[in-house]
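Several structures are given next for inspection.
Common to both upcoming complexes is subunit A, partnered first by subunit B, then by subunit C.
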Partner chain A sequence: MRVYLEIGKRAFQRELVYRTKNLAGLFTNACFGYLRAVPLLAAFEARGDIAGYNLQDALTWNWTVQALIMVVGLWGGWEVADTIRSGDVVSDLSKPFSFLGFWLARDYGRAIYYLLFRALPVVLIGQLLFGLRWPHHAITWAALAVSLALAVSIGFAFRFMLNLAAFWTTDARGVGGLGLIASTFLSGFLIPLAFFPDWLRPVVQALPFAGIVQTPADVFLERVTGWALMGALGQQALWAALLLGAAQGLVVIATRRVVVQGG
Partner chain B sequence: MTAGTPDAGHGGPLGRPAPGPAGGPAVYVQDLCKSFRVFRHRPGALGAVRSLVDRSSHEVRAVDGVSFTIQRGEMVGCVGPNGAGKSTTIKMLTGILHPSAGRVEVLGLSPQRRRKEVARHIGVVFGQRTQLWWDLPLIESLDLLRYVYRVPEATFERNLATFRQLLDLDLFLSTPVRQLSLGQRMRGDLAAALLHDPEILYLDEPTIGLDVVAKHRIRDFLRRINRERGVTVLLTTHDMADVEQLCSRLLIIDQGKVLYDGGLAEIRDRLGRERTLVVDLAEDGGALEGPLSVPHACEVRADGPRRWLRFSRDDTTAADLITAVASRYRLRDLTIEEPEIEAIVRRIYEAGLDSSSPAGSQGSTIE
Partner chain C sequence: MPLREYWRLYWRLVGASARGQMQYKASFLLATAGVFAANLFDFGALLVLYHRIPHLAGWSLGEVALLWGMSAVSFALADTIASGFDLVPAMIRQGDFDRLLTRPLGAFFQTIAARLTLRRLGRIGQGLVILAVAQGEVAIPWTPGKLAVLMVALAAGAAIFFSVYILGAAYAFWTVEGTEVVNTFTYGGTTMTSYPLDIFHGWLRRFVTFIFPLAFVNYYPALYLLERPDPLGLPAWAGWLSPLVATLCCVVAAWGWSFGVRHYQSTGS
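Here is the complex of A and B:
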């Protein structure tokens, strides 16, 4: 296990190198957080509560999802595909560790960096500009930590599988782009899943994508508590396990037919 | 050949007393094949659409029945033109690629079935790739390997100290890898491949793109780890100087087949039968019209008074030829050029082993 800890540590360190990049991203997130807050203000003034969200809930959801983009890697990351494309993957495959575990560890290192240096500042900016709803119960913070950890796993497993497409096609980004559009929409990033029409809502809430953004946001907003909270975390855990299992299966298939680019 | 037991190529072969990292040859490969399906891309936009529906493909045999055995402590050079199947073979030896047919054993284990276990005993350097973390100081990548291979701290410290000295790493140990020169990066990659005391080191084009000094340094290092640490080395290269300076055994692979497997001296003796006598004519060579006329030799090049005469050992000896030339022309100076291994290998690529060797007995040295 120590090796995965050390890998994660280095992935964290690696992000530290690109401080300027993070600052630029932070600025972008803050801008979009503000821009998306404006129509929310208008909508809630006109309609009052929507699907159990009051204005402050909605604003908190808005800033939370902005904060989570990089933590859960909502819009991808093509490093795995890039190593497959370049052939550098051979080094990772000739190591006595799990290929999936290697990248999962890297993703956790990356996620922790973005939690501290992206998500936290974004939420604080939201607080300064609009005043957010903060958890009322201490236990929520513990639940949030678990939910975020699982969200990272689900987001990773999904993205990782899209990346593995690079073993079959030279343009994994093309295939992956479609997948990411789907996950952006279905994760509760564009609009809260509670706002979906009645017939569609149960479906999108059951899908794994809900566990990437909506569930941690719900936990933070304390929209799920008690047994509902346990259920939400359980559903996340189930999807995380299933998707990681599927990803591992795909690794086995992919490496059996691996074509290393560039001879 | 020591490992000819017909089992499926995994676990410990029957009849060998100590399978696994304890005994047997370092590498054992028999009738190894690897084919890839290559899809044909039709030109043009319409062609691209057609290719989606009708994916006509053909099979390419990158490795086509390769057999060889490498004993522990050997240093073997593997050469062949681009696309010959060298890298593919090495990738099967590491367990990354799965053979289409045939058998691979590394230290008595199947690298495919026991990938992680085999990985602990091998080091790999792919010259055109790096295993180092691009954005982090070199030492971070090296330090990580302690955990990857579970190297005891004392061993790790000792090895690191050795390689720091041998490869002169101190200068750039805390420099991010992306800022290293190619030569420095290669030294870093070599250290990274060896920190866990592997029994076998695979090097895929370790000197590619390096300058003369860097090449020399890398070769020096490889010679030392082979002699002093007993590491078995299999290296592929396009630079025959790598082979000449490091290896006593040469594998020539082309079109997925082993063309030659044997000593370096033997191939020179067997195929390098043609030598060149270079003479400097004493009088003004320009006055001499046309090529020199000497039995059993032909002039292949002329540059003023300097002439190159190619002759074969089968036809005449160097001494006879010199006598013959000297009796007809007045000479100022002469030298004999031995066949370069590079030229020999080039001829083998171009014409195959048979046509280069009058007494061609292809395969006699292949296992």
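Here is the complex of A and C:
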């Protein structure tokens, strides 16, 4: 366990180096947070209540999902695929710890960095510009921490499997890009899943992608409380376990294919 | 060198770039499908929203879709033609831009001819489909004048976005670093132009009308097509101003680029 903590810490520290990059990203998030908030203002002028959201809920959703992009790695990262392509994967596979665990630990280190230095400032900017809805109950913060931790796992497992495609194709980014585009839409990042038509909503809410963005946002908004909250976290935990299991299975299958070229 | 020669050389160079991208046919098709799908999902989100509301600031779904399609086509054209300029920050960082300056052709020409990313055309297809459906939906009474405004606006919109790319690349002559801030103007620009500008606050609307003239990409031409009055009070013929505005943008971009090239100092590594 200590080795994974150390790996996570290193990943966290690596991100600390790129301060200006984070500032530029923060600027971009702030701009898009604003640009995407404006259509919501107009939409709620036409109707005061949309699928149980009032304007403030919708604005809070908007800034929360904007804040989460980097935390849950919504738009991917192809480091694993790159090591597979370059062959460096061989040295990672031969290290005395789990290949999946290694990358998962790194992802948690990265996620914690972005939670502190990206998500928090983005939400504060949203608060300054529009005034957001903050949790009314202290317990929500604890639930949010659990939900975010699970969201990172689900996001990671999905992305990791897309990366593993590099074992079979030279173009993991092409396959993965399509997967990320679909997951962005289905995660509740583009539009709250509650806004979906009634026939489609149960489907999108049951899929694992809901657990990457929509569930943490719902927890923060206190749209799920009590047993419903337990159910939402349970669904996230189930998907996290299933996807991590599937990812581990894929690692086992893929490593059988690895042929080390001498040299 | 006569212009015809430049033209021939341009196609020869980007042809080579295109052939390179076609080497992996499956991945090329996949990437094009990805670009197509990405924007379709964005539009899907708009459909989901409209399923819940009757209109957005008095604009129906069909009317917003018209804006959406025009913006997508113009942006995709610019994004494709300007792909070479994506390489500029990396070229500056690695000192490769020096090499460009030693060759007997302009730096601008060499950059624009360096790459033509064909997969980005996937967005044009998507934009055209939405545009075609939207114009049927809002039942525009087409006249030759309106058709001309649409065609000219698509080209002028592309030129406006193109000049943003040029200025973004020129900006790298000073910052050396990447272009995330530039993305705010390009992708942010498409996001804004995908909605009626009526929804934006006064200062931002004036900014994108008079200073950073995104409003002429599609908003004013669309007002003309839809025969809607302008909330800012510009007359209906503002829809005809796109080519003029686009020309101004290109002049500013050309000036910014040559200013950047003149002030270029090699990174020396």
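Note that in this section the second predicted complex is superposed on the first by the 258 of 263 C-alpha atoms of A that agree within 3 Å, B and C clash if a C-alpha of one lies under 4 Å from a C-alpha of the other, contacts with A are read in each partner's own complex, and residues count from 1 in each chain.
Note that in this section a residue touches a chain if its C-beta (ideal position, glycine included) is under 8 Å from a C-beta of that chain, and two chains touch if they have at least 3 such contacts.
Not measured: the values here are computed from a predicted model.
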{"item": "Superposition on subunit A - do subunit B and subunit C clash or fit", "value": "fit"}
{"item": "Touched partner set for A:L207, first subunit B, second subunit C, both or neither", "value": "neither"}
{"item": "Partner chain in contact with A:I7 - subunit B first, subunit C second, else both or neither", "value": "first"}
{"item": "Contacts of A:R256 with subunit B and subunit C, given as first, second, both or neither", "value": "first"}
{"item": "Contacts of A:A237 with subunit B and subunit C, given as first, second, both or neither", "value": "neither"}
{"item": "First, second, both or neither for A:A149, with subunit B first and subunit C second", "value": "neither"}
{"item": "Partner chain(s) touched by A:F97 [first = subunit B, second = subunit C, both, neither]", "value": "first"}
{"item": "Partner chain(s) touched by A:D88 [first = subunit B, second = subunit C, both, neither]", "value": "first"}
{"item": "First (subunit B), second (subunit C), both or neither touched by A:L129", "value": "neither"}
{"item": "Which superposed partner A:V17 touches (first subunit B, second subunit C, both, neither)", "value": "first"}
{"item": "From subunit A, separation angle of subunit B and subunit C (C-alpha centres, steps of 10 degrees)", "value": "90"}
{"item": "Minimum Cα separation, subunit C to subunit B, after superposition on A (Å)", "value": "5"}
{"item": "Residues on subunit A lying within both footprints (that of subunit B and that of subunit C)", "value": "none"}
{"item": "Touch list for subunit B against partner subunit A, complex", "value": "36, 82-83, 87-88, 91, 94-98, 115-117, 119-120, 122, 124, 126, 128-131, 133, 135-136, 140, 143-144, 147-150, 176"}
{"item": "Residues of subunit C defined as touching subunit A within the complex", "value": "24, 26-27, 30-31, 33-34, 37-38, 41-42, 44-45, 48-49, 51-57, 177-178, 180-181, 183-184, 188, 191-192, 195, 198-201"}
{"item": "Subunit A residues within the subunit B interface of the complex", "value": "2-3, 5-7, 10, 13-14, 17-18, 86-88, 90-97, 255-260, 262-263"}
{"item": "Residues of subunit A defined as touching subunit C within the complex", "value": "20-21, 24-25, 27-28, 31-32, 35-36, 38-39, 41-43, 45-47, 50-51, 169-171, 174-175, 177-178, 181-182, 184-185, 190-191, 195-197"}
